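Two complexes, one shared chain (chain A), two partners (chain B, chain C).
Showing the complex of A and B:
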């Protein structure tokens, strides 16, 4: 049982870090539906760097850096060019899907390095994800800078008038958001499952995106959601441990996706949105023009 | 910005002509292909030679041309599955799941008539039923995001993407490791249709080309000449205004997603049940789900225009089949067609800007 929970928490780490990135961006009013693309970039680049240099540290740094660059690209499209954020995000996703399939292919296979240390099986990155969630919650709700960031996402015109640089705030938030997605991808590729295969995230980025809606843009609710999904994912990978001989292993693999859809439906009902919907940043998805 | 006495300004476009839109689309494709040339360079291949090989294989070579046609039909159907919701302002990225569902339903009919083991099924009944089942399977798969969007305003991007993975694994369950549709070879692929269920070619092309061309005409007619087409377009332009004018959002959302799913289901039937050499759900069925994402590219470049989608489907059908070919011939890395997909998409995103703004050069007045 301990092993099951440890693996679930390790899986949840990746959802948490990626979705925390998305929360930061969305709190500043910029939606990035291309989480999966940014994560694929982070995962692939960090994997290649670590495999060629043998250094985990360089790999993580490269993953974070490429994530931030993807964030910069998204910010350029969404803030400077003011395009439709959904279209831009889809662009980020398909760019990541297509380009990493090509770039990473020669590196297909296992990383071939000793695994990163773990505490009784628990990845240290899980602890990092807890710290990040707490830190981002503190930043967003207890600091002046966090208040500024949120005001940009709620009402950019008013924020601008009160002396906040909307463009700069949004750029910074979206780049930081991309960096976290890149980090999440790196954790997946270097720690959770260090075997490169094309499109190997299999929709984790989209689940992270769904978790943001689920979290009501609150890092702590997000943490709970991530752990739930991490556990579901583990059940679907090793169903025999809990519920033997019901479905084939392929059918079990559909479970996290089925549950994501069910959770999304519950969250979109009137009952749910009238209770919690007010947390949605007011200016989310809207381009800002002076 | 001032350059050489000219003032460069951006003006918001209020309208632009069809010609201007077409020119911009062509330019976007050219820029993207130019950038992909750098991938050839990095792999040590002269881009001109790389493209020459791709185009000659895709559009001249007697092995390549049928492949291009098969892919073009497939892409055209996937594009229509994408643009129906797109014209209503909705995102269907679930073509992959819908086409797997269509293929599973079609092969399910063949299976129900015992075609897995019995070569003498009544083709006159089974074949039409397979086509109808493919449409129904894809349509049901499309109904899910359409209903959820219309009823609860559930994010259709996440739902369709989740359904892609669900359909992917259900397909694996059906054709692999003792699944009901598993072929006799035990190689993790679906059973092969008996010869009576293998439709012949028409002028060297699968008969499904008539579906693709017929749908082009139908969609063009629906979008330009019918009330429902007008409702779809007005809902896409402004959901709030359309609602005010009496358009029912639930109806539109269900309609475009079901219709899109039906068409994607046909795409699944087309590739797995009419293309010579297949006639089964192959081991690498996931590649066709990935190929379906080119439907997004064709849909975005054509701006949702069904007629404009035809040359694009032919172009990308050729580029992907030719891309696969040069990989082997010129020792390029795997996935040049994937890289091209990514670059095309991001260039299109960048080009959105030029659809909304016009760059104007004005002579500076003498001070």
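Showing the complex of A and C:
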């Protein structure tokens, strides 16, 4: 049982870190549906760097940097050019999917280094994700910079008349958001499952994206959602251990995705928006023009 | 930081002065050598119709626009604003006509947002104490932890005023401060700004209409017309009539003749009507009334109390959930809009540009929208271009729409002219029932007078008029019967001639006891 929970919490770490990134971006009004793409870049680049240099630290730094670069690209397209954020996000995913498959292919196989230390099987990154969630919550709701960031996502023209640089705030948020996605990918590739395979992320980025809506853009609710989905994921990998002989494991494996789809459909209904819609940043997805 | 310190400003010091402000735009002098001054502790109103140059002047004083000529002095020092930030730093605060607040944030968060002295970590406790002190001082009650979208219009406006004061404003520019407030809220606002002048704050409201507001609180008035200052008056010496004459440049009739017309049979009968709004909430709740020939039935209410869904339901643009609507005794509850127009309903929508006209169509084509189903103008589906053009020219002349030609696109007309065009189109069909939804909203004194007179003429000619307005004075002046509407219900139906302003105002705000006591 301990093993099951440890695996669940370790999996939740990756959801949490990536979704925290997405929360920061969305709170500033920029939606990035290409979480999966940014994570694939982070995972692949960090894996290659660590495998060739033998340094975990360099790997993580490279993963974070490439994520921030993806964020910069997304910010340029959606803030400076005012393009459709969903379309560009899909572009990032497709680019990440294709390009990382190509550059990562020669490195297929295990990392071949001693595993990072763990506490009784629990990854230290889980603790990091708790700290990140608390830190981002504090930043968003207790600091002036966080208030500015949220204002930019709610009503950029009001932020502007209050003396806030909307463009700069959005760039910084989206780059930080990308960096966290890159970090999440690195944690997956260097710690959670240090083996490079074709399409090894299997849609985790999309689950992280759904979790953002699920969390009502609140880091603490997100933690709960991540742990729930981490556990679901473990059940789907190994259903016999918990609930033997109910469904085939292939049906179990679809569960996290089916729930994701159901959550997203519920969130987009009138019923939901008339009750909980206030949590959604009002200017989310809208380009800002003076 | 002591936000309440009054420095060394003495009562009567000139705190803001404009000398010879001139701003030219292609083909137009928006401000032509405008001079005026504001003293500490005074309310100095700037009055003018739309297009008189108020907006330009306001933008110049707040650093949004730079003047071509002229000088601005703040606290005796010559200034040169490069952006609003410069103006804010020197103690000028601006409260825009449209709210500049983040709806999802709390009152306190909105006040703190962007404040230069706010630390890295927000000190909510200290800030709350300081803002609460401001509130106490100006006798205004406000829960600082409420989310802004819960607040009423008047409270939101006060949040903006507090935000400006908290930033250290000594001179407050208010753009149309009373335009969206219910009467009790207007009263509260006026009381509050009067208290503020005790602290030697200078308050400069810019006003288009609602002259009584100007007269009741200000000490001085500057009137602008076509970019020039045409009058500077002490309010004590001014009358409403005088100010209107200066603004418009001719006499304006204030006492509209409420001609006594024999009330005929009922044209519109509404029985237990309920309507849902776009959010699926019941916005009109069990409303019953009738409108007769030769009668103006006025619905008074602050926006968002169900007037819009009611008007749309009567015009056939929104489904009625329950109840019946009868026109001349026959049921029309489920008829299409077209069928209703043909039976004699004329609809003047509140959104002139979005619903009342098509901006990219010429004036002829816009007129055509009420004529294309008429066999006289359109035979077997082919439009008689000559005839409709002649009709359009006739109407444009008759209603005094200022335009170089009827081929101009509707989007190029000013608000007042566009409303005249819509009125011409609707009234020329000689409807039995006219539904006029906010017909004078946003119009200046001259255009308002025109629209009101046209409605009175239609009434005299025997039409039934349903007038929906947020302007209580307008409803009182025009209506034969008045229904104050609050949260989807009629609070009462009162006879127009005797209805007291106070009572109707209270009913509009949902307060019933007052009426019962009297």
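Operating definition for what follows: the second predicted complex is superposed on the first by the 279 of 290 C-alpha atoms of A that agree within 3 Å, B and C clash if a C-alpha of one lies under 4 Å from a C-alpha of the other, contacts with A are read in each partner's own complex, and residues count from 1 in each chain.
FYI, a contact is a pair of C-beta atoms (placed from the backbone, for glycine too) under 8 Å apart; a residue touches a chain by one contact, two chains touch by 3 or more.
Keep in mind that this is a model prediction, so the values were computed, not measured.
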| item | value |
| --- | --- |
| Clash or fit, chain B versus chain C on superposed chain A | fit |
| Three-chain overlay, vertex chain A: chain B-chain C angle, C-alpha, nearest 10 degrees | 90 |
| Partner, of chain C and chain B, that touches more residues belonging to chain A | B |
| Contacts of A:161 with chain B and chain C, given as first, second, both or neither | second |
| Partner chain(s) touched by A:120 [first = chain B, second = chain C, both, neither] | neither |
| Nearest Cα pair across chain B and chain C, whole Å | 10 |
| Common interface residues of chain A - those touching chain B in one complex and chain C in the other | none |
| List of chain A residues in touch with chain B within their complex | 33, 73, 77, 81, 83-84, 86-88, 90-92, 94-99, 101-103, 105-106, 198-199, 202-203, 206, 209-210, 213, 248, 250-251, 253-254, 257-258, 260-261, 264-265, 268-269 |
| Residues on chain C engaged by chain A in the complex (per definition of touch) | 84-85, 88, 100-105, 109, 112-114, 116, 118-122, 147, 149, 279-280 |
| Residues of chain B defined as touching chain A within the complex | 39, 91, 93, 144, 148, 152-155, 157-159, 161-166, 169-170, 172-173, 176-177, 179, 290, 293, 296-297, 300, 333-336, 338-343, 345-346, 348-350, 352-353, 356 |
| Contact set on chain A toward chain C in their complex | 142-145, 147-148, 150-151, 154-155, 157-159, 161-164, 270, 274, 278, 281-282 |
